[in-house]
Amino acid sequence: MELITPLQEITRLSHLYYSRQWMFATAGNLSTRDEVIPTQFWITASGKHKGELQETDFVCVAVSDGSLVKAAEGLKPSAETSIHQVLYSQMPDVGSCLHVHTIDSNLLEFGVGKEEGFREISLPPIEIIKAFGIWDEKPNLTMPVFYNHTHVPTIANEIKRYFTENGIPKVPFLLIEGHGPTVWGKTIKEANKHLEAVHFLLQVMARRL
Amino acid sequence: MELITPLQEITRLSHLYYSRQWMFATAGNLSTRDEVIPTQFWITASGKHKGELQETDFVCVAVSDGSLVKAAEGLKPSAETSIHQVLYSQMPDVGSCLHVHTIDSNLLEFGVGKEEGFREISLPPIEIIKAFGIWDEKPNLTMPVFYNHTHVPTIANEIKRYFTENGIPKVPFLLIEGHGPTVWGKTIKEANKHLEAVHFLLQVMARRL
Amino acid sequence: MELITPLQEITRLSHLYYSRQWMFATAGNLSTRDEVIPTQFWITASGKHKGELQETDFVCVAVSDGSLVKAAEGLKPSAETSIHQVLYSQMPDVGSCLHVHTIDSNLLEFGVGKEEGFREISLPPIEIIKAFGIWDEKPNLTMPVFYNHTHVPTIANEIKRYFTENGIPKVPFLLIEGHGPTVWGKTIKEANKHLEAVHFLLQVMARRL
Amino acid sequence: MELITPLQEITRLSHLYYSRQWMFATAGNLSTRDEVIPTQFWITASGKHKGELQETDFVCVAVSDGSLVKAAEGLKPSAETSIHQVLYSQMPDVGSCLHVHTIDSNLLEFGVGKEEGFREISLPPIEIIKAFGIWDEKPNLTMPVFYNHTHVPTIANEIKRYFTENGIPKVPFLLIEGHGPTVWGKTIKEANKHLEAVHFLLQVMARRL
């Protein structure tokens, strides 16, 4: 088995997701918790072409408050770093967060209100849900869907409020309406597995409309 | 012509099916009957990434009862081995069984009841059906669709009951609702041909909804 | 520019079309008129995997009556050779015929009757039609759609009857219902251009349903 | 970082767009303003297979009136050069214009009248719009949609009339009905980013129909 670093692994996923049209234009951001210093994580720099991302196109950020720890000259953290920061701080065993834009997730319209902030939406009880480690027959699951505030830290705050009020979601992902899914996992491999399952699920939901 | 072993051939199909998004997350399982000892078959080990499968990622299982014959350390048979076992034991001339998850098969909802177990569903009489070796004009065919029990051996039992009550299906595949198709063939090549035709057929059915 | 033979060119198209899922299972057949002896054409042999086709997988057939001129041992002409034969004999300047199975062409249901044999179906007046060399603004075009007789020579006869009664279609293709489009062109390159345009057109028609 | 010329960069995009089925048959045309002489631009020659385009398949045209400045023997400018000419002359800071044919843009039917010439059409306020540099929450945007005159210079004139009457559109693209989108950007990279975002947007619009 070939040995690659976590940033190389994420970089490969970036190219793969771009080829799947999940990271068109400069959409999406990918991150991984630092292996040695778990109070830090690495996230894709802002404005990079995701099909040409390199392992040097990441910046290091503090889990506690999202402040910049380390960045090569000219690199700024993704505009959506605050969302990753909340996820890492709320879930100490999460090692990777992946956010992409998919057509199918944008077709789903739930009308979550701006003041409301978020709402629980039902998921169809199909087999792919076992990829989340949920083995109930015909499980009655929901996913949290958030309003797409322009001010990203407001979304991050709503996510924090959701975790505080409702605990960690049973499914390892959330959706921002008209925007895209964000998934997490203990490792990059697990987060990728979750994202593929989420994409399958959202495709089924969007095409059943 | 390049010579490859059956497990190499199946491994290549695994990579191909992954690239077609038929084996996302860890979905699906592929098997082939042992060339020398036909009372045994080889099936993908549980939990493997299907885009990175290697020819060493298979375990050997007995056709008679699905018991483990041989497995490298750390490898467990796929959770759905019992379904393959029933198919090999019911059809002595079958050399390969392929099971994948496709979006289109998940869009089709027939409402097969849990107690009911299975139901025959009509197929559209399109040209691709000739890939199954059926040459009738506008054939009036059905496929068996099974309830997706969480306890996989229960599905396997229902499939066995179906074969006992109805004989071998005219078409070389069955569908588990909300889950995916399972196809078979005399050889890996024939099973692959059947799977491509089944995918074509289910796409047409799902998009005509 | 690299020099390749016509059979190499067709073989490459076969691989490309397979990767586009236009030649799944063993679907479709491709042919080209012999460069030296225009009363003969070369067509894909029956039952070949189109993603693995080789330039030796063609047989040579007479334009006059579809009889076999030359074939390597074990190779039989495609079951649909009679359709190609009619097209080459009706259109002396045609150098290549391409027939594939696409999902979109199978979604379109026109209900052409068995006795009726064929019917003219309207095409939407979109820009891609200029690929057929038709430059009218909002052209009012039709394509001939044929009943999918199991006995392929009966389809071939109906196509011959169509050409006799109606002349050469204005668009360089026909459709067999529930089966797929057949296109033609002066050269392989032109036939390929026509097929890409036909696929575009049929996708628009199928998705507007 | 590898150094490539603008024509090499555009040639690569041509191959990429062909593989995405945005430039099927001979559809579409791509151009870039000359780096040294900004009163000239380079555009794909007419009738080229976009999957096999080479960096020598471009001709040089004057921004002022679209007259031919330079062309290798046998090359003619794309039939739609006049549209590019209007865009470069109306927007001095635009460095690249990209026009492709997509299925989704052809599914959208707005019924813009021939005499009317163009109409403003609303866009859904989804996240991908930020790729255009527009950061309003739920922006109330429109795109200009033009009637597809067969006489291309008439479309070009309508575009010029639009720019004169309405100014530069807020979004960096326009749509010709039944034909396809044309995007622009300061650089080839920016134009490509805009095109990917436009494709995302039009897919969402077409699939929400």
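By written order: A, B, C and D. Residues from 1 in each chain.
Assume contacts are C-beta pairs under 8 Å (C-beta built on N, C-alpha and C of every residue); 3 or more make two chains touch, one makes a residue touch a chain.
Not measured: the values here are computed from a predicted model.
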For chain C, the least number of touch steps when starting out from chain A: 2
Distance-maximising chain from chain C - centres being C-alpha averages: A
Fitted rotation between chain A and its twin chain D in degrees, CA, nearest 5: 90
Copies chain C and chain B - interface residue numbers shared by over half, same or different: different
Where chain A and chain B are represented by their mean Cα positions, the distance between them in whole Å: 33
For chain C, residues contacting two or more additional chains: none
Chain-level touch network, classified as line, ring, star, complete or other: ring
All chain pairs that touch each other: A-B, A-D, B-C, C-D
Sites on chain A touched by chain D in the complex: 21, 24-27, 49, 101, 103, 106-107, 148-150, 176, 178-180, 206
Touching residues (chain side chain B, partner chain C) in the complex: 124-128, 131, 135-137, 189, 193-194, 196-197, 199-200, 203-204, 207-208
